[in-house]
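Next up: some structures, all given as structure tokens.
Look at the two complexes coming up: chain A is in both, with chain B in one and chain C in the other.
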Partner chain A sequence: MLSFLVKRIGQLLFTLWCVATLIFFMLRVLPGDPVEFKYTSEGGVITAEQLQQQRQRFGFDKPLVVQYGHWIAGLAQLELGTSIWSENPIAQEIGTRLGVTVQLALLALAFGLVMALPPGILGALSRGTWLDQLIRVLTVTGQSVPSFWLAMLVILAMLATFGWIPAIEAVSFRERPWEYLAQLVVPAAVVGWRLSSVNARLLRSSLIEVLGQDYVRTAHAKGVGPARVVWRHALTNALLPTVTVLGIEFAGLLGGLVVTEQVFNINGIGRLLMQAISYSDLALLQGLVMLFALIYVTVGFAVDIAHALLDPRIRVH
Partner chain B sequence: METSTTVIAAQAAEGVPRAAAPSAPVLRVRNMSVAFTTDEGTVTAVRGLSYDVHAGEVLAIVGESGSGKSVSSLGVMGLLPGNAKVTADAIEFAGTDLTRLSRAEMRQLRGHGIAMIFQDPMTALNPVMTVGQQLEEPLRQHLGMTARQARARALELLALVGIPDAANRINQYPHQFSGGMRQRVMIAIGLSCDPKLLIADEPTTALDVTIQAQILELMQDLCARLRVALVFITHNLGVVARYADRVLVMYGGRMLEEGRAADVFQSPRHLYTAGLLASVPTLVGPLRNRLEGIEGTPPNPLHLPPGCPFAPRCSHRIDACGAAWQVLATDVGSLSACVRAPEMASGAIAWQPADAEGRVMGLASRQPVKPAAADEGPLVRVQGLEKTYTLKDGFFGPALKVKAVRDVSLTIARKETVGVVGESGCGKSTLARLLLRLEEPTAGTVHFRGEDITHQGDRALRAFRRHTQVVFQDPYSSLNPRQRIGSILTEPMLVHGIVRDADQARGNAQRLLQEVGLRPEHAERFPHQLSGGQRQRVAIARALAMEPEFIVCDEAVSALDVSVQAQVVNLLADLQQEHQLSYLFIGHDLAVVRQIATRVVVMYLGRVVEVADREAFYREPLHPYSRVLLAAVPSIEQVSMARAQEPAAILGEPPSPLSPPSGCAFRTRCPVAKAECAATVPPLLDLGSGRQVACIRFH
Partner chain C sequence: MSTASVTSEEAGSPAPVKGRPAYKVLRRFVRTQPLGALALLLIASMFIAGSFAPQLAPYDPLAAAFDAVLQPPSGAHWLGTDNFGRDVFSRILHGMRPALLLGVSTALIGSLIGAAIGTTSAYFGGRVDAALQRANDVLLSIPLIVAALVVVAVLGRNVVAGVDINLMIAITLPYIPVMARVMRSAALQVRISPYIDAARAMGYSHVRIIARHMAPNLVSPWLVMVSAFTAQTILLKASLSFLGVGVHEPTPAWGLMLSNVSVEIFTTAPWVVLFPGLAISSTVFAFSLLGDALRDALDPRTRH
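Then we have the complex of A and B:
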């Protein structure tokens, strides 16, 4: 297990370095000067001299290789630099917003798994019947509906039926906990629903495959009850591929949140990313991409660990 | 066990009064049928099956694939899928009619009163549960044991089925057990709740002969001691002969013959049984030139013929075969459904294969297959061949070396067939791949027609590839499912430029199909439209398309049914004569190897331990491993042997090739090992007349 961990962490660091290099040079290829943009975008005027000064301040005057060296050296010390637009440390910009996004993502992930179980299991057990067909239609629909659009529909529906929507302005958990939760639950359910549709279809097919396995027949031959056959013998095996996909989906989930946060006016990482793009804030963009990459590879790592825990065959080898 | 002389008709509902039966049967099946509803129509898998099993008795249900033998037992267990419909006048278990039980009551019985063991121990255990959890489950469910009681009983059971170090192994997962050990765990699960009846569905088909012998001995011994009635389903007639008290022969969903194993095997009273017995190669007795097998293939269960399902393949069919269906008692006390049973009893008719179609099915040419003479120098000469695989245990783990083939030297003459035998993992398939240079040897050389092919470049290798071909074990996965048979055959001819154009290739393909006993129209079919035997014929035709001199048959007949296996063995022999072929025949069935190979090479853990001519080898194997291997093979002659004549004990399982024992690798399992055996690896000693043995006792 130890050598497995060391090996995976090595791979993880290598991946991160590749991402850091790629994003650095890709952003530098983009047209436009972020510093100039900062001072001229809202109708400001800046002289060439001042611009040169500002560029010096942000380090854009140095050769590309030197800038790259700074960037990588900074990363190695967990130093992301400062935002060009707000001139706050990027770590601080991210830190204040990360909490809410992570809460939202985890909640959505939980919805995505829990809401997938009933349709997935029912579909597999009633294979080929009208119920299975109905579930299939619902899950395909769920997969095809973009979550931001669904989010808007949900907001409109809530307004139409209850005349109420979760608070648009930021609420603190300590002061008004229920409102805070209501603010998170609706977007999480919206994003999680789409995720659960993908998972339900996957769970259905892997459960059907597992139910046809010899060891399930052995369980029946032992006289094990049907409920225990499904939950204990089949589901533990059928969840393996679902857990893998859940990890891969998690990254896509962050992408989905970028737009959903806009719709529900949640001040999270997604909104920060939108702002960084619209302000051409290269430094902030780099930092955010590194954050996404870190989350992505860490989740992959966690999925591997979860797999090893669920599947003894991986653990031993 | 006496069989009744009362006449029964299987269609009739009445049971057979068993005059001398000491007790009521544990299982009494009367007129059972199983039908599946499928898209193509109703498939009747079992028709009018009736039989009894008594406590302490071993009943073998034998048949080829599709005969309904597994389906009938799954039907008794209530384990068939939803589209199956079981009807029966009675399925009585210990006096209870199973057809009247609710699903919940049936579930109470499964694993408690009736237990079942399945074919493939690799897949029959849940990979994410420990062996202990799986073993304790029925104990807690059926016997209401506490966790502690169940654990104690599970440990006892593991010890009972011969799993060493049970206290540690109980917490391990199935993948940490070998195939044989897993099957022992399955037996422990089956016996856990003291069942009255144990049904074993091909319990040893996936195992090596040595392990098979251990598992069957164990099952037989435990069932006799615990007075459990044992039904085992098998296609292996040798296993039936050695272990069964009674045998029930099924074909096309029907019971054709039933009786005491000795009676049925010595005096078969159904022509199918007689044909099946003639299809099986033997280990002792005179060597037959050909296997007098059965033509054709088993019937399509969608279109079963009326009357006797075997009639279309029977060489003695008469009009009456297609009409009435009745099971009658015979002169030897067995029951037979053959209308010509009285004539078989009087000796008026005996089994002989049909030879209507000439040699098309590979049976007609009756001239003996001459073992080829090694006059013009060897075709293949192997010297000091080695193959070492390096495995990595983790990223920084140590590199593990597996010596799959170690210092192997042998020759294969033109027109000769060399059989290679040994347990799985002994390196026989690796050796074959090295001979074909499908893998690069670590050391040593292979000469083909006097040329060293181990160091040849691509161009020369291409020419070599033309002269050597291979037929693999599994005809289901070795043919491309998306290619028509015709294109499978023509592709290699065109690639190697054997033919001028596509037209000539097609012509050749048609000729090849006929040569292997298929029809020209088969060229238009896809592999999945053919039976297993037909596919293996295609694989052989593809090999022949290259006009090779040397063909490696890697377990080429192992996956085929007994009657079809005989056809293919005969076909290989015919083709050898016609095309002057040399074969390297890798097999685990020593009786089949005896039928086809003129020389036998025995391998153990990568090394050759004995080389001998066929006659000498089967008359008196010299290496202790060869003896053990031969003793482990159940053979149909053994039905006449006294049960007291126990086969030689085969100790344990092969050691891991990662850490082979020092000195002679076989010493850890050898019945005659001495202290010196651990010191040095015994060299392969030439004893003259082509015989070589690697054992210290001959030095």
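Then we have the complex of A and C:
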């Protein structure tokens, strides 16, 4: 187990180093100077001398190799640097926004799992019938509807039925907890619905596989009721691959929230990413890409460890 | 590779392809997969409608008419007008061809590159496989939409013959590792088949075995993938244009038509967002459903 752990951690660090290198050099081919952009984009004027001073302040005057060394050395000390646009530490910029995005993602994940259960189970139990076909059409629909459009439809529907929509401006949890929750629930349900269509398909196929296993037949044979066989014996086993995929997709889900945050005006990581792009804030952009990569590899690592603990065969190679 | 002969039979590895007349294949597909046939019909009609958009559209998609702003659907404007008085139906029709072309071409190009990488990786195994897998891991750790956004930001715009080449690259690139992974697992199945061992025993070159013996047997999973990924690339492109990346006003792009619509506008004039979204959804739906039906029709394991 120890050698497995060491090997996996080595791989993880190697992947992160590759991402850091890739994103660093990719962003340096960007046309234009982010420092010049900062001072001239809003109609400002900057002399060549001042620009040189500012570039020096951000370290852009040094050779590329030195900048690269600085970036990697900083990462090794968990230091992401300073944003060019706001001049705040990037860790702070991310820190103030990560909370709401992660809450949104976790809530969406929960919706995605719970809403996948009925269609997944029904589809597996009624395989090949008209009900299965109907569920298939519904889940394919769920994957086809763009989340930003669905969000607009939900807002329309809420306005039509309740004459009310969650406030668009930010509220704090301490002051108005209910409004805060209402703001999160709608976007989370919209994203969760899309996730649940993907999960329902996965759940259906793994449940079909599990239902054909010997231990399910044994359970039937020893007189366990059909509902209990499905819920206790089959579902617990069939959920494992679904939950695994959910875990692996977590970083992708955070990325997908870029669009959702835009529609619902939520000041999270996705909003920060769009800002970094429109201000061509290289430092912030590479910091955010590292954040996504870090989340992806850590969750993947956790899933691997969990699997290795549950299944000794994986540890061998 | 020496012990493959018995186990691969049990694993249900795909049999070598045999030629069958195209019309028989199509007839069988229509009979066994009615939903897939419906999707195919939908896609074909969308291609035709998109190609003849200039002839079919009743209005100029760019012509603003400030005396006819936010008109509800009527005989004159089938799907209403937007906040510049532009005909929504004409704009959707004009947005159809770029959406379909970009979706299909990016999925085709990306899946061909992905298939080449995945098949090579599976065929050689060992160090080549390990190195390609590591590279894949690196690329997969950046979320699709984030990668696409960064690529667009880095490359900027480069329009050649009405098609934004850089946008195509930005949408294709992030999918290549995903496709390589899918194709690798399909190719691994073919790799252990006895006829590949036979080809190696005959002393054929690596290139010949990959191109002549493996590739034809990977056509079915590849077709499924192209269809499914076309759906996803259309969706990704719509998301990017919704975020205002890649296309600019007044281009009639579906995602862009939904962007910059304030809550006041779409609650008083819902047709402005209803129909473009419906266009995106039904296109993506048709390609996903087709991919699904193809998977069922071509995969021997799910046949029953």
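Please note the rule applied: the second predicted complex is superposed on the first by the 297 of 317 C-alpha atoms of A that agree within 3 Å, B and C clash if a C-alpha of one lies under 4 Å from a C-alpha of the other, contacts with A are read in each partner's own complex, and residues count from 1 in each chain.
As a convention for this text, a contact is a pair of C-beta atoms (placed from the backbone, for glycine too) under 8 Å apart; a residue touches a chain by one contact, two chains touch by 3 or more.
It should be emphasised that the depicted structure is a prediction, and the values quoted were computed from it without experimental measurement.
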Examine A:Leu310 and indicate which partner it touches, taking first as chain B and second as chain C; both and neither are also allowed. first
Go through the superposed model and pick first if A:Met152 touches only chain B, second if only chain C, both, or neither. second
Identify the partner contact of A:Lys222: answer first if only chain B is touched, second if only chain C is, both if each is, neither if none is. first
Comparing chain C with chain B, which touches more residues belonging to chain A? C
Touch check for A:Val66: first (chain B), second (chain C), both, or neither? neither
Does the superposition put A:Thr236 against chain B (first), chain C (second), both, or neither? first
Taking the superposition as given, does A:Ile9 touch the first partner, chain B, the second, chain C, both, or neither? neither
Looking at A:Ala76 after the superposition, I want to know if it touches chain B, chain C, both of them or none. Which is it: first, second, both, neither? neither
Please name which positions on chain A make contact with chain C in the complex. 11, 14-16, 18-19, 22-23, 26-27, 29-31, 128, 133, 136-137, 140-141, 143-146, 148-149, 152-153, 155-156, 159, 165, 168, 251-252, 254-256, 258-259, 262, 273-274, 277, 280, 285, 288-289, 292-293, 296-297
Contact set on chain C toward chain A in their complex: 35, 134-135, 137-138, 140-146, 149-150, 153-154, 156, 231, 235, 238-239, 242-243, 245, 255, 258, 261, 263, 266-267, 270, 273-274, 276-277, 280-282, 284-285, 288-289, 292, 304
For chain A, which residues count as touching chain B in their complex? 3-4, 6-7, 10, 213-215, 217-225, 232-233, 236-237, 310-313, 316
Contact residues on chain B for chain A in the complex? 77, 79, 107-112, 115-116, 118, 120, 123-130, 134, 137-138, 141-142, 173, 175-176, 186, 189, 394-397
